[in-house]
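A short write-up of the structure that comes next.
Order as written gives the chain letters A, B, C, D and E; numbering starts at 1 within each chain.
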Amino acid sequence: MSREARITLLVLVALVAGAAVAFGAPHVLSDYFVRIILLIALNAILVLALSLSNGFTGVFSLGHVGFIGAGAYISGILSIPVQQKMALLPHLPGFLHAFSLPFLPATLVAGVLTALLAVVVGYPLMRLSGYFVSVATMGFLIIVNVVLINASDFTRGARTFTGVPLETTLPWVMGWLAITVFVLARLVYSPFGRAMKAVRDDTIAASAVGIGVLRTRLIAFVIGAFFSGVGGSLYAHYLGSFSPNTFYFALTMSLITMLVLGGMGSLTGAVVGVICVSLLSEVLRSVERGFTIGDFAVPALFGASQIVLGFIFILVMIFRPKGIMGDRELTFGSTQRSATVNQTEERKR
Amino acid sequence: MLSVENLEVNFGAVRALKGISLDVHAGEVVALVGANGAGKSTTLRTISGLSRPRGGRIIFDGKPIGGVAPSRIVSLGIAQSPEGRRLFGGLTVADNLRLGACTRTDKDAILRDSERMFMLFPILKQRLKQLAGTLSGGEQQQLALARALMAAPRLLLLDEPSLGVAPLLVRHIFSALAELKRQGMTMLLVEQNITLALDLADRAYVLRTGQVALSGRSAELRDSERVAQAYLGAAT
Amino acid sequence: ADTIKIGYPANLTGIQASLDGPMLNGAKLAASEINAAGGVLGQQIELVIYDSKSDSTTISTVASQLIDSDKVVGIIGFADSDSVLAIGPQVQTAQIPFITPGATSPKLPSQLGNEIFLAAFGDNVQAAVGAEFALNKLNGKTAYLLTDIGTEYTTLLSDYFVTAYEHGGGKILERDTYKIGDKTFTAQIAKLKALSPQPDFVYASSNAEEIGLILKQMRQAGINLPVVGGDGYDTPLLIQVGGDAAKDTYFTTHAYIGEGATPKVQAFIDAYTKSVGNAPENAFAALGYDSVKLMADAIERAGAPDPAKIRDALAATSGLDGVTGTITYRPGISVPDKSVSVIGVKDGKLVLASEAAPTFVAEP
Amino acid sequence: MDRQSSRVLLRTVGLTKAFRGLVALRDHSIELHEREIIGVIGPNGSGKSTLFNLITGFSQPNSGSIEMEGRSIVGLRTSQIVAMGIARTFQGSRLFGSLSVAQNVLTAAQLRHPVGAADTVLRGRRYRERVAATRQKADELLDLMGLTDQAGRVAADLPYGDQRRLEIARALATGPQLLLLDEPAAGLDSNETKVLAALIRTIRDRYGVTVVVVEHDMDLIMALCERIQVLATGEVICVGTPEQVREHPKVREAYLGHA
Amino acid sequence: MTQLDYILQQIVNAVSLGSLYALVAVGLSIVFGVLKLTNFAHGDVMMVGAFGVALLVGIGVPFPVAVICGIAAAAAAGFLIERIAYRPIRDAPDVARLLTSLAVTYIIENVGILVFTSSPRNFPLPDILNTSWEMSNGAITFTSINLLTIALTFVSLLLLGWFITRTTTGLGMRAAAEDMSAAHLVGLNVNRLIIVAFIVASAYAGLAGILWAAQAGVVQPQMGFTPLLKAFVAAIIGGFGSIAGALVGGYILGALEIFIVAFLPSSVSSYRDAIVFAVLIAFLLVRPGGLLQPNREIKL
């Protein structure tokens, strides 16, 4: 089977399985497990969006959570019911008061506006490389946070933004996840995907074969931002209430952890990373509450789950420095090498 | 002085060296030639301790040095001018030279040696403050050689010292090497320019796909049909 | 079931941990006292504790665990409004009564619904008491307002203070801001020092970590104005970090936990010290304690461990005598009318400066 | 070949480049004609690589002009210059180390068969045609360079000689009219060098490109080039046929030595 | 109070804040300089130093002794982190090492919370360090701890500058940063260099942590995050891995933070962090390699 065909087949099977889970799970599983699945799918969208620039283009962004936050607030503002808007956001400009959007259009608008924001932000920032682009994008995250805190007419400032209808259900998230995987898989395994990896490997050589480095990075950044914005909207409608600090460093770190652990150069790796980290931390969170084995009682040690997770991360990195999947995609029966992240000692200069 | 016995090195599934044996006696220049990918650089890297041998032994001055830390090996007296030059590109020419001598403590001798380097490679003296990474290709090659010499080694490993160097300078470098040889320096030389290599060397080994295909005194090998065959693998 | 399960999600790690930790200790103390005294309705009560890690997403997961898997009859939790807002919708949908010991935003019940109860007074109340105290006792007609814009509590408190203070005829001369986590306030202080005329006092809406430091840097810069604030000050850090600089500082809080406290409070301090190993870190310990008592009282009066009945009983709470004051819910209002203590610092010790209910309270 | 009548492809006039006081290239002028193979030689540090960097837009000249088919290309971005038909290799290779050999070439070949973002996601007929065209071009070049057997290997793991050939294949895949090769034979053994010379000629004949070779291997240069320009310390010291250059006293003094 | 006094006071404030940032940034830069690793655990090593002092003074150890022990504890912590967590993955991709350092942070902080709870504790400071000094009739004030911070920053950075540029070990560190295997090849003992770098950087972190806690008045297991962030920014402004750059970056950051609050109306200054980063990004766009890094032309 050719790689193309295998990937297409993988996507199809994933779609069917996803649909089965999306519509089946709520009937079979308890609310708790449905929520875990939903969160895994939601985080998968966010991590995939992140992988486009961080994993495939080599622009290690620390700012994507800024887009998630922007998406959450934009769609939140758009979709709070009109009656509540008056009470919650009395200083909103008039035209925003007049209407409220249903979930899907609000999410699309959030995605598009966030992508536009990414164009504006990315145009200067994507010129930078290496650590500089990381710190600059982190600066963007901080700027978003400060603006969210200060633009209190729109965001209620540091006060919790609340009143967003709870509309994020499992089918919605699975649907968006399917779209994300589909679009990303097609982008990554295409001429454009090759251009991204070329830019990651060597910007100079990339421009020498006619690839516009800035353009390639910008496109990856903007598409990632779109899905981040969408994910932000899903988050907003999942939580119902949130504050600027919901979309800040803690979320950044956890998404990056999932991405790196899963494998930066692989779409399925990103998903695997999300699943592993989420399940592991759920299990550990229950274990740390203390348990008894026979007569032996282990007391509650809150915080122990983070410690154990930390050790597990280190162990994974020692034994699989490129993450669980590395740069391979999970396909049928065999793993497919898509692109190695260059790390032979020879090339480390 | 140096004796390599049955050396094997693998890179993952690639068997780069499949059991190489060679000897270098004190005061001797030995050339290592062979087609691209034959394993010449890998041999030198392994002697310097940068690659771990999977099998075989490396003996220097009667002591086994396989698996010894590279910095120890330099202190024992083996320096290398490596393939790809591996300069410290962000440091100046002067700093690169200083680092070449970092295993030594004899200040005066170091000073004398650096004067000698400036005699050998005058361009370096003019460019002391320039960052090594911005030197032209050939200038970098000269610096790499000088850096290795600054360690005052007893055994000098040279990986293609003429690579990217202009013809006039190639001759210059090889006459410098000949001078060093006269002064008693032991060298193991990897070189694509067989004529030059055999002119300088006392003996030579021809490698092919990770094995010694042929060896002998330079004079015997020169103009020998067998070398070309060994290169091309026509013999097999 | 042989025990009555009460859910207790707590942010034991992450940024909220320094408040939720002591609060949990207080809650556990109350639970063990109740159980030692025979429990509720003849059954033991059990606190089902989860660490929600100061993270909204984890809170929502924990909520579904508590409601779906553990089948708790009521939930107690959190010192901050963020977390309450995160859990609120689920609690409301499942119709499980919920008490927040520490969140003080008076808007919570109206934002979330009728299952939500506050154990503490609202920020509008304490801000009003602070404003009236400054106007009447300190004779402070002009104020300088310093606000931590990084948290809901401090922003809200500032807003309520301004409303009450200006209503009472005071004038805000100047405002400035900082963000939680800042360690240097010298720039703001120099700005204050350059004000002419100087204000009569400073209202600093701050969290525990910063206030000691603000005071210290202010006094070091030679500013000796009185400083007034809210229950965020109420930790030992105020005096430990502030030292001498804490003089002439006043704050509104839930209970006076110090030397010469009421016997009830003193008994709590002793019991807490015995079970935890140190004196209560802050008033949140007492609030955690009171909340469990509040829930237990409601369950007892409901007559059965049934969430709907418990909610109704809770709403009818009247005159419950807690460590942090007397809790009564007026009909339809889930924020208790509690008296507010104003505590002042004198000779390095906390003293009760006044105890009052405000005459004017800003709308939530 | 009658040079006078053939068209000038690229012309530099008065090109000067200095790095903080150090003049790497001074007042350089050359005319490159269509389908020509020109050698640029000179001692180390004489400005050969600098010349390539200027032409391909990796650095900007202090003064002087570069014209490609009459249009100035000074100030354009590298990717634009490549799109106009100038490709190069690097001294010391710069491959996409993590990509396979085939992908290295495909990455370059797709320049002439671009697909938009929408096409990429929807993958209609146009997309498939262009991808097929790209692949065909890449296969052809891999075959020409004798790399077909290695197509699946990761570029970083290739033996040196193959890396050099791959780099030429990649440059060619951008569909250039002008191909700049910076020391293509460095590190190759004598057999491979001979093969390379034949290859370069084949490339010129088959694709009609102009080739500029910078190289220190005189056998290669003399055998291959129709015209040679010699630089020393940034200045042009002579231009001519291999025979003229070989006998030129200045060249012997500065570069070849009196052997 | 005159306008001039006000400006001078704000300059004093900026210098003392900048010194603190510089000190943290330098430690971060040393490790980055050798390993190309953004060591998230640097903030936690600061915490170890500060906590050590708080605990020791708590059991009656004299303050100066406690400080020395605190710095030693920080150095030891750095050493252990390198040996246990970083060495096994030294050749791994950058992101793997980044994640490892994040994991180390999780571990240290949460162990700290388990053992000490996350409630802040008082950081005891002797009175002499708490005294304040006045100039211009009390219009300009500063404290002993400010002065000490500035002085220590200068002295220790001079020492470090000498160490990095003048000693072979220092040169070796820069060389190892450039090309690890070439460093092996010239005979540098890279393991030893890295350990030295970690110990030096961690001792700096310890000192910085103590000074930070002295300014903040409290210690807490999570106290390392904010300084880490500031240091990261400061180090980048100056050009990551450069000691002088970290120093300059620290002062620029300190000055920006103070001056924005000091000279802009509070409605604008509440955007402080946003302005700081906007300026930073502008910096980076003009000088993509950091402030002290001249815009070098690439050599191909």
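Going forward, contacts are C-beta pairs under 8 Å (C-beta built on N, C-alpha and C of every residue); 3 or more make two chains touch, one makes a residue touch a chain.
If you're wondering where the values come from, they're calculated on a predicted model, not measured in any experiment.
Steps from chain A to chain E, minimised over paths through touching chains, total 1. In summary, the chains found to touch both chain A and chain C are E.
On a Cα centroid basis, the chain most remote from chain B in this structure is C. A count of C-beta contacts for the chain pairs A-D and B-D puts A-D on top. Among the other chains, the CA centroid farthest from that of chain E is the one of D.
Centres computed as Cα averages put chain D at a distance of 48 Å from chain E.
Centre-to-centre separation between chain B and chain E, using Cα means, comes to 43 Å.
Rounded to whole angstrom units, the spacing between the C-alpha centres of chain A and chain B is 50.
Averaged C-alpha coordinates give centres for chain C and chain D that are 73 Å from one another. In chain E, the positions touching at least two other chains are 110, 113, 178-179, 181, 270, 272-273, 297-298, 300. Residues of chain D in contact with at least two other chains: 19, 49, 58, 90-91, 94, 157.
In chain A, the residues that touch at least two other chains are 149-150, 204, 302-303, 306, 341, 346, 349. On chain B, the positions that touch chain E within their shared complex are 48-50, 69-71, 73-75, 79-80, 82, 86-91, 95, 98-100, 102-103, 131, 133-135, 147, 151.
Chain E makes touch with chain A in their complex at residues 38, 85, 88-89, 91-93, 95-100, 102-107, 109-111, 113-114, 178-181, 225, 232-233, 236, 240, 270-274, 277-278, 280-281, 284-285, 288-290, 298, 300.
Put simply, chain B touches chain D in their complex at residues 11, 14, 34-37, 84, 123, 130, 134-139, 141-142, 160, 163-171, 192, 194, 231-232.
For chain E in complex with chain C, the residues that touch the partner chain are 1, 6, 9-10, 13, 16-17, 110, 113, 117-123, 130, 132, 134, 138-139, 141, 143, 212, 215-218, 220, 222, 226, 257-259, 261-262, 266, 269-270, 272-273.
Residues of chain C touching chain A in their complex: 12-15, 49-51, 53-58, 60-61, 64-65, 67-69, 81-82, 85-86, 88-89, 111, 149-152, 154-156, 179.
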